[in-house]
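Several structures are given next for inspection.
Shared between the two complexes below is subunit A, which has subunit B as its partner in the first and subunit C in the second.
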Partner chain A sequence: MTPQNPTNKKVISLQNVTKRYADETVVSKVNFTIQSGECVVLVGHNGAGKTTLMKLMLGLTRPTSGKVKVLDSNPAFSSTIAQHRTLGYLPESVAFYEAMTGREVLAFYAQLKGASRTDCENLLEVVGLADAARRRVGTYSKGMRQRLGLAQAMLGNPQLLFLDEPTTGLDPLLRQQFYELIDALHKEGATSVISSHALNEVEARASRFIIMKTGRVVASGTLDELYQQAALPVRLKVTVTPGEAASVADRLGPETRIGEVNHQTLNLSCFNGDKMPLIRRITELGDVVNDLQILPPRLDEVYSHFMNGEPS
Partner chain B sequence: MIMLIAKREFRSMFLSPMAWVILAIIQVILAWSFFSSIDVFFNIQAELTTLKNAPGVTDLVISPLFEVASIVLLMVTPLLSMRLLSEEKRNRTISLLLSAPVSITEIVLGKYLGLLFFITTLLALISLMPLSLSMGTELDFYKLSAGLTGLFLILAAFSAAGLYMSSLTDNPVIAAISTFGLLLLLWMINISNASTAEGSHILNYLSLNMHFSMLLRGVLDTRDIIYFLLFISGFIVLTIRQLETQRLQS
Partner chain C sequence: MKISGLKILGILAMKELRDGLRNRWIAAAIIVLGTLALVLSLLGSAPTGSIKASAMDISVISLASLSVYLIPLIALMLSFDALVGEFERGTMMLLLTYPVTRWQVIMGKFLGHVLILFIAIFAGYGGAMLILALFTDASLEGWQAYVSMMSSSLALGAIFIALGYLVSVLVKERATAAGTAIGLWLVFVVLYDLVLFGTLLIDEGQLIGQQLFSMLMLISPTDTYRILNLSMFDGVSQAAGIAGVASEAGMSSTLLISIMLLWIIVPLAATLMVFQKREL
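Let's look at the complex of A and B:
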């Protein structure tokens, strides 16, 4: 999945949304908007409020205060039921009627959504369940149920997808296939909101991230924006002529933050503003430098930064 | 949408062994009661011929059969209705249903109709017993129809109450026990009624048994029909309200 070009059409808008259960505040003063065509990933620790936020956007629960708008209307109103035809939802722990076969379950949800039987068969094929379609769901493994859940969420070419931990229980190949499916839907203009703990999987795939901590949004933006906000150092890996690493370290001077040095590599780090001057100094070293790799902070590092720091 | 959910519900009942076991047990118990009544009828048949306006086979065999059926089904309906919503909540299948383009009213009516289809099947099987008598004797078809209508209405009322109790919990066993308790209370609410006591007519009016026995006697009174219709719609509306509240406050 690659980030798509979102249009300016606002499909989801949350204004100062708070959700409380008795004395516990699970979502607190959350504000964000999602444009059509975006792939937004919600990240956060367990209990950060990601699932509640999804339920609020689906109209499965009502905010204690604040406004939720999905496709220009309040999803909690029963008058918006017809809109659900254009939504796809995969819950965190997907469950189906155990006594029914995979095909029957999918056909049931397809009929509810007004999707065709051909859609069902195609999706069963796509998620690799065509051979098991005649088996009862009760005999399915966790991964198979998850795949059936994905097929169910994708019924009727949804314009808005809510996927809560969608790749849990899927093997690497199926994860790849899943993201290809999402990518195909995005190319058709779909918008998706994905909640995930698999940061390495979603890093290159999301158009935007919303990082949540104890019910609050602590950071949001594209990966580049998050790097800027976090102000984490950029790492540089310099490969030099064998045996020259120590001398190169000396020549770079004490002002350079040098990490690990071995026979022919040096790991350096610097803040974004110092990156270009450092690169210039490295290139000035001449033929002794064989290679230079610039490693920006990874999403998990950005995530750790925001989770360990104070909300911005 | 309602019919789609109803069909799924009806089908899923037959996918579990419980529905088959319930059908079999009910048939055995009612068949035993039916043959006992026939036996009694044969024993007193000679005396009946001497009586003026003597009760017929409909009064002596069919009405008691329907009465036994109502008591047996008072105990069995909670077992059928217990899983309608509580199991959906316990298994978390309800979240997919609620996120589908279907309203809570449609979900509740679909589930209720699914159970009614099963109840109708059950009733069709029960009615085969009295109908088999028509091969050997004359039946009072008006009284038979009134009795069947009464049995259908009381089962529909049991189901509506069971559906509501099932919406209150995610534990099917608790749903079954509480439905049984509620139905038993409404069945015998007028049992200690001294008829002279203040408000006795209210207890009589609330009693399920009172309205059912009128229909069993062949009295098709619109007040009884309205009572059952109000009872059913009341519990259905309560179920819809309950689910709506749970959905928005969950």
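Let's look at the complex of A and C:
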């Protein structure tokens, strides 16, 4: 989703940020800025450094080198109250005080954020935990914990959201509701950073993607920009008069990349820049062509291109 | 809405207190302390012997001797898990993304745990004393000595809560914290005195003079607690047979109380310093 009123205020900036643990570099020379109102999705496989990047932005851990700035202050261990008041975080595997009930847990966090009791009850309702609110968190299923995690992240109308793989363990309906919640916050100008290991799920929401691989940013940009950067071939599926497929293939000539040829279909591919000339050549073939389908590269292909390719 | 730092401390402390109530921790501690106090006091009120010590004074002596063992144990059990448990489970990470500072987390927990101990000691020992007061008549000084014994027991507990936090912030696993806490208890409550008095016996006053011995006693928080309780009130010190010993050795109650406070402040400050640097 593109923000409604993009203001050019820098909310987060990372300059040359590297994080090393003992003998392992988890995040390596990462640079990016996030403007207010953006919904940025960090994409990458497990261990790509998404969680560490979030912890760096949250000030839970310190960069080995480089600078992290969140809301104009260095988050590392400063815990300025103003910063946290409007911040919501959902950790990757969220843990709660097991002996407390769902309602008690949420009420505890609400108190710390200065959110009201009605806020709590509303959120319990929204995430579908109202009926289980009197039960101990220890008895909750993984999905219920995740929902409670979402509820606590949404407390007090956060202006800056960090969600680490937020929809794992959620059923499709709740997933939908969850994205509606995020959308609503975005309409009020909230900024969010979401990590995910799948591109397609967050496709419609994200204003920008940052693709990570073994601690490095391998690509970033809007979906269109990623398509361009990936320069993956466009595929065309041509349906011709039955039996004519082979002759059509001959007539298209050797400069056309032809994949599978069936009785009446041909699968062609070409780079984006060559697409229009190829379509013209196909239409010039006349009535023998019954149908033409253009299949742009799928999102998961773009993703695997960046994941399997060399880091740029 | 602005939340004051004090309110945050209150919220964090109340959470610990509620935890203590929920898992019956406080109830169990009250019962243990109350029963022991009652039994010791009833036993103590019988054989007063020729010294004619009051039942209250005897209670103070026997309870102080018991508390030296029991209170540190209870305090360590409360505190060893306080930080490492939250690191291990992952609840600390989430908590620190809330508008709380790290010192508020430590101090909030500390206040909560001290409050738990306060309730356990004053309800347990205090309750037993009220029952005892029905059977015996106690002097005002006896009451004062008893209340001061309860207060210093709380301080002793606070010392071991602070020490427990230091263990909790330093180790990597809960099991290690539990083991270290037991070790800490053994050293401060049993071994230190054993070694000190053993050395004293072997030494026969050759190297360890009065001065050095006093100093060595004052290093241990449990000995400081013992001396404080046995020497602060005349009735008690006479009954304990050590009248005037402490003051002769230059141990004023101000000094003793200051030492105990130092034993609270130093481990807490060290815990905070380690915690501030800790990455999650």
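Methods note: the second predicted complex is superposed on the first by the 252 of 312 C-alpha atoms of A that agree within 3 Å, B and C clash if a C-alpha of one lies under 4 Å from a C-alpha of the other, contacts with A are read in each partner's own complex, and residues count from 1 in each chain.
We adopt the following convention: contacts are C-beta pairs under 8 Å (C-beta built on N, C-alpha and C of every residue); 3 or more make two chains touch, one makes a residue touch a chain.
This is a predicted model, so every value here is computed, not measured.
With the C-alpha superposition on subunit A as described, subunit C and subunit B clash in the combined arrangement.
In the superposition on chain A, A:216 contacts neither subunit B nor subunit C.
Legend: residue contacts after superposition of the two complexes on their common chain; A:61 is shown touching both subunit B and subunit C.
When the two structures are aligned on the shared chain, A:135 is found in touch with neither subunit B nor subunit C. In the superposition on chain A, no contact is made by A:251 with either subunit B or subunit C.
Residue overlap on subunit A between the subunit B contacts of one complex and the subunit C contacts of the other covers 55, 58, 60-62, 81, 84-85, 87, 89, 91, 93-100, 108-109, 111-114, 152.
Within the complex formed with subunit C, the residues of subunit A that make contact are 55, 58, 60-62, 77, 79, 81, 84-85, 87, 89, 91, 93-100, 104, 108-109, 111-114, 152, 162.
Listed in rising order, the residues of subunit A touching subunit B in the complex are 55, 58, 60-62, 76, 78, 81-85, 87, 89, 91, 93-100, 108-109, 111-114, 152. Those residues of subunit C lying in contact with subunit A across their complex are 1-3, 8, 11, 15, 18-19, 22-23, 89-91, 93-94, 96-102, 276, 279-280.
Every residue of subunit B that touches subunit A in the complex is listed here, in rising order: 1, 4, 8, 12, 15-16, 91-93, 95-96, 98-104, 244, 247-250.
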